[in-house]
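Here subunit A shows up in two complexes: once beside subunit B, once beside subunit C.
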Partner chain A sequence: MSAELFRTCPESGLQFHKPAERLMKAHAVASIVFLLIGGVGALLVTLTRWPAVHLLPADRFYQLLTMHGVDMLIFWLITFEIAVLYFCSSTLLKCRLATPKIAWLGFALMMIGMVVNNLAVMNGDASVMMTSYVPMPANPNFYLGLILFAVGALIGCFVFLGTLVIAKEEKTYEGSIPLVTFGALTACIIAVFTIASGAIILIPTYLWSIGYINHIDPAMYRLIWWALGHSSQQINVAAHVAVWYAIAAIVFGARPLSEKVSRTAFFLYIAFLQLASAHHLLVDPGLSSEWKIFNTSYAMYLAVLASMVHGLTVPGSIEVAQRAKGLTNGLFEWLRKAPWSNPIFSGMFISLVGFGFIGGISGVIMGTEQINIIIHNTIYVPGHFHATVVIGTTLAFMSLTYFLIPTLFRKQVMFPGLVKWQPYLFGFGMAVFTLAMMGAGTLGVERRHWDMAFTDSMLGFDYPASAYTFMGIVGISGTAAVIGGAIFVLVTVLSVFFGKPVDSESAWGFTTSRVLRAEPIVVPEGGHAAAGKWGFAAPGTFLLAIFFLVIFVIYYVINWKYLASVWPIS
Partner chain B sequence: MSAIQPPAEIVWWKQPLDRVEGTWIAIALTWSLIMFFMMPFWHIYGKQNLSNEAYRTTPQAFLAKTQAMVDEYTVRTETAANLPVVRPPPGSDVYLVGRLWQWWPLLEFEKGQTYRLHISSMDWQHGFSLQPVNINTQILPGYEMVLTVTPDTSGEQTIICNEFCGIGHHTMLGKIYVTEGGQ
Partner chain C sequence: MNDQSSQDEIVRIPIMQRMLDNPFLLLFIGVVFPAVFYIIWGIMEIVTIPIAN
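Right, the complex of A and B next:
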């Protein structure tokens, strides 16, 4: 292990293994290109669902919706996640990356897979949505591209695991791996499971599409496909929760309230992840209610519990760090005086609140066996998951990128004045967008639907005017969020390729980053709780958590009431 | 040590919980359990539950049963395409076909009566979405799903397809008319 292979970032103190650094850069840049492509799709699809605009013709709409779903959910998120895995292993453990050459092979496969899949969709005979439910056939290259990409991503996972092994053997750290790395390990284990499920279902489907297999059972397809499709959302959750903890550490020098609780919560994601497929099958024929109830609730909501725990401990750790710095007035001084104009922090905090309040609550509610009857396949569903994967995961990754531009790419972030506003525009735009979708979905508006006015149908149906209003709000707020996303892509690409090099700390743009130089937080006399209230180290956070719970309970009850008004079914 | 560094205590698992964490975990766990038990509770006391009664079938067999019902109970036809409107007797087995791109036939129910509604697909996956009452289920080819429904509002309900089923997906509609009882 030669020293020239490593570089220490003078400002942050992070140590980068150069071959790993090149890989991280490649993955990060590629993923942002995918975000750009998916974002073009987002704009066109949104403008079509905005009834007053109704931009695209039907075939283009379904084609671009397929493209948007796959490029965003699979290609953008997973490619960025591989960069996060390398960062959390090689950089945080100060260790060389295992087998960089094989890692490049994985990268190449991912890129080829992405191109093969996108060409199939562009060709026009693969507009089957990302779920590609059988027996609706797609161009075989659609599946082939996904398979190649998955193999590449799997290689990335194994490189990450290999790096952990090397770090342990070469003793590059003492004791246990950092919490953030543990979160990344969680994401990686889940990724291996989901990619295996993906292989089990996509390989036969590919063979079916080229004529080697003549039948695939649609119910079985859905069960296994969703073991890929939903469980992979747990990769995103584990990854963005790890990023939240990382940003709390980077911006505030925060340490976890307790390692035990946070790690157990990550572990719960692994323990119950394989059950989540059921969320999509709650109104499917051929499954029993017992099976549905057990699985949809992750065996009594234990994975949901895990997210509620992280939702407390991440802001709680920030509160403790802020209180230790003397921001102890009242319940919320620590929050009011947080660096709201630093996009690394503001993005992360909006991500956390949006994920919990909008994505989390709606997810649990529509995942309730009976309530799913009034929500399944309405536009409520994309409303829910844009709150999880866009406000939650995507915004968290954007915030992390603002940190990586100076540390990893050694470039100054351009247009800092504009960047300050980016998380707000993107986060709030998306928040309105998701809430409006949920509103429309509650009125029965369908997802994946070109024409809510049914003009070409013999029979016809009129949604209430309020449904049109909601979809108009979806169009406007979606466009605002797309502008927020475009600012991110533009600033990142311009900074990385044309930015001024970072030469001093003042050139950072956002000076609150402390990272490894952070002065250790001094525990006040009488322990952390002494700086808090009621014997709680983080009383403000606790109050916020209770507020969250109250909204959750109210909204839960409202949905049962709504269900009770529907025709009796048994 | 922050979250991006190894824990300061080598035996971190012995570090005691902070009170704020312990309290929140207890509250959140309680709420999780309440939500869990709400589902079986609703099976016993609620009126909206899928029975999950379903059978394997084939498009041919299912279409034959539907055709038999149409032949027997059609009361009128509608639209230029002469779509049959079927008024099956209360309590009977009713068949509804989903295919590219229609729900066939149109149905007429009586308010307050119970029907065993069998639904299957002839081709790809479809989504049965009854609006505005808002009941949504997934329809698969090869599976016959049975919904035992009791319409408790009268008027016109539209069946929309809410699973993407190709280029005509947004034109795929059907109807269930509900008449006041005793007519």
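Right, the complex of A and C next:
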């Protein structure tokens, strides 16, 4: 291995393989451009769903909704995830990246696909929304763009797997791959299944759109499309959980409470998470209850269990690390004295709590066949998934970016005072936004609906005034979150292209006193349990978990009760 | 722990750990499980819906 091919970050000690570094930078920058484009869509769509503003005309609304959905959910997240895959393989394993040239080919395909798809949407004849259900036809380039992008992303996955093979052969690590890399591997495996399903359904749909195939069965389309649509969310979950573990290690030097348990939880993701795709088809008539209940209840709960394990072990490991440093007073000193003004930490912690409490609980409600019917196809659904992919994944990726600006790009983070507040504005804005959407959805407000007032419609419907209030809150909080997102894009782009180079850790831009100082974990006198309380190493986390379960159970019971009242049985 | 037994431990890596250390086995599981339980089972149900006439 030639030494010049590698650079060691002086502060963090991370080793970057230079060809991999350039690839990571390209993917990260491109993904943030997509986030910006999708963010413009978010603002305009939000201002339309805010009843008092109702900004766009109907056709523009659906066009921008399509653009927002695809650019955010597919282009922003997956492009960033490929950067994460390269980071977790090449950098964390201190290994050269497999076939950088082919990786660039993948990147080029992703970019071309993104442009082709967006041009089709801009053209105005592809406002089919990201699900693009047949028989509603779109401009063929809509599908073509997605296919090209998917092929590019698949190449990225194989470069990642190839790098794992090289690292093993060249023995750049000992024993098992690190947990964070294992999480990335989980994301990669799910991505392979996702993209394969995408190819199975989108290639025929493309051929259908240009006239080579004359019929695609809608039920079949929905079945296979959701293997793509749902599983791609699970790439996000696996990737952002890996990012949580990484940030706990970066900021606190925390080590997983139990590697065995965490890895097994990732394994549950690999085996079961994708089966939960079935929850999107819970009201589809062609599929049996056995299929629905097996895939959602039995399989999905194993995956939910895994998420709860991660949700418990990440803060638990932080608690243990903090207690080992002497923050042992009471149950929550470790949390109170956490570096709340460091956006790497605050963003990650808001991501974790928001994902668990808002996204996780609502997800179980939606995945239960019986109570799903209360909120099926209402705006509760975007409420749920903005809690998962926006508070959960997007915010976690933002936090990681604040770490990558000084380490990968070697630039100071600009406007540190503003950056301190960014995760709070974005995270809390989104938390209110998602909860208000769920409130409106419980009252029956539809998703993807241009005019909830049904003006001039033959079959109108009068929503209670509270539904309008909720949608007003959606508008206001959504706008606040968009401002939070804009700050992120602005700061990142300015820092990366115009920032001052970093020369020391104190020039990073925010509290970094503890960042990556990763003091080797000292086992406190008498063991971890002695630093804890009541015989628990992480009693505060334990209490938080109990709190979570109580809320979960109460909300679950309320939904069943509500079901009984909307559907009286005598 | 003496040298002898720690040597043995290296040789006897638990089966679960060996599985988790094998990315391609995991890839296989991660593709086959959903392909069988979700896609193939689902397709079988859809194709057996009788055609209206």
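To be clear about the criterion, the second predicted complex is superposed on the first by the 558 of 570 C-alpha atoms of A that agree within 3 Å, B and C clash if a C-alpha of one lies under 4 Å from a C-alpha of the other, contacts with A are read in each partner's own complex, and residues count from 1 in each chain.
One rule holds in what follows: a residue touches a chain if its C-beta (ideal position, glycine included) is under 8 Å from a C-beta of that chain, and two chains touch if they have at least 3 such contacts.
Owing to the predicted nature of the structure, the values given are computational and were not obtained by experimental measurement.
Of the two partner chains, subunit B and subunit C are each touched by A:Ser176.
Shared-chain residue A:Leu287: touches subunit B and subunit C both.
Look at A:Leu55: by the touch rule set out above, it reaches neither subunit B nor subunit C. Measured by the number of subunit A residues touched, the leading partner among subunit B and subunit C is B. Within the superposed three-chain model, A:Asn295 lies in touch with subunit C and out of touch with subunit B [touch as defined at top]. With both structures placed on the common chain, the touch criterion links A:Ala278 to subunit C but leaves subunit B unconnected. In the superposition on chain A, contact of A:Leu543 is made with neither subunit B nor subunit C. Contacts of A:Leu223 after superposition: subunit C is touched, whereas subunit B is not reached. With both structures placed on the common chain, the touch criterion links A:Phe267 to subunit C but leaves subunit B unconnected. When both complexes are overlaid on chain A, the residue A:Val192 reaches subunit C alone and has no touch with subunit B. Common to the subunit B and subunit C interfaces on subunit A are residues 176-177, 217, 219, 260, 281, 286-288. Subunit C meets subunit A in the complex at residues 16-17, 20-21, 23-24, 26-27, 29-31, 33-35, 37-39, 41-43, 45-46, 49. The part of subunit A that touches subunit C in the complex is made up of residues 161, 164, 176-177, 182, 185-186, 189-190, 192-193, 196-197, 217, 219-220, 223-224, 227, 231, 260, 263-264, 267, 270-272, 274-275, 277-278, 281, 286-288, 291, 294-295, 299. Across the interface of their complex, subunit A is touched by residues 1-10, 12-13, 15-21, 23-25, 27-29, 31-33, 35-36, 38-40, 42-43, 46-52, 54, 79-81, 83, 123-125, 127, 129-145, 147-153, 158, 160-167, 169-175 of subunit B.
The part of subunit A that touches subunit B in the complex is made up of residues 58-59, 62, 92, 128-129, 133, 135-136, 173-181, 217-219, 222, 245-246, 248-250, 253-262, 281, 283-289, 292-293, 297, 300-302, 304-305, 308-309, 312-313, 316-317, 364, 368-370, 372-378, 443-444, 446-451, 454, 456-461, 463-464, 515-516, 518, 520, 528-529, 532, 535-539, 541-542, 545-546, 549, 552-553, 556, 560, 563-564, 566-570.
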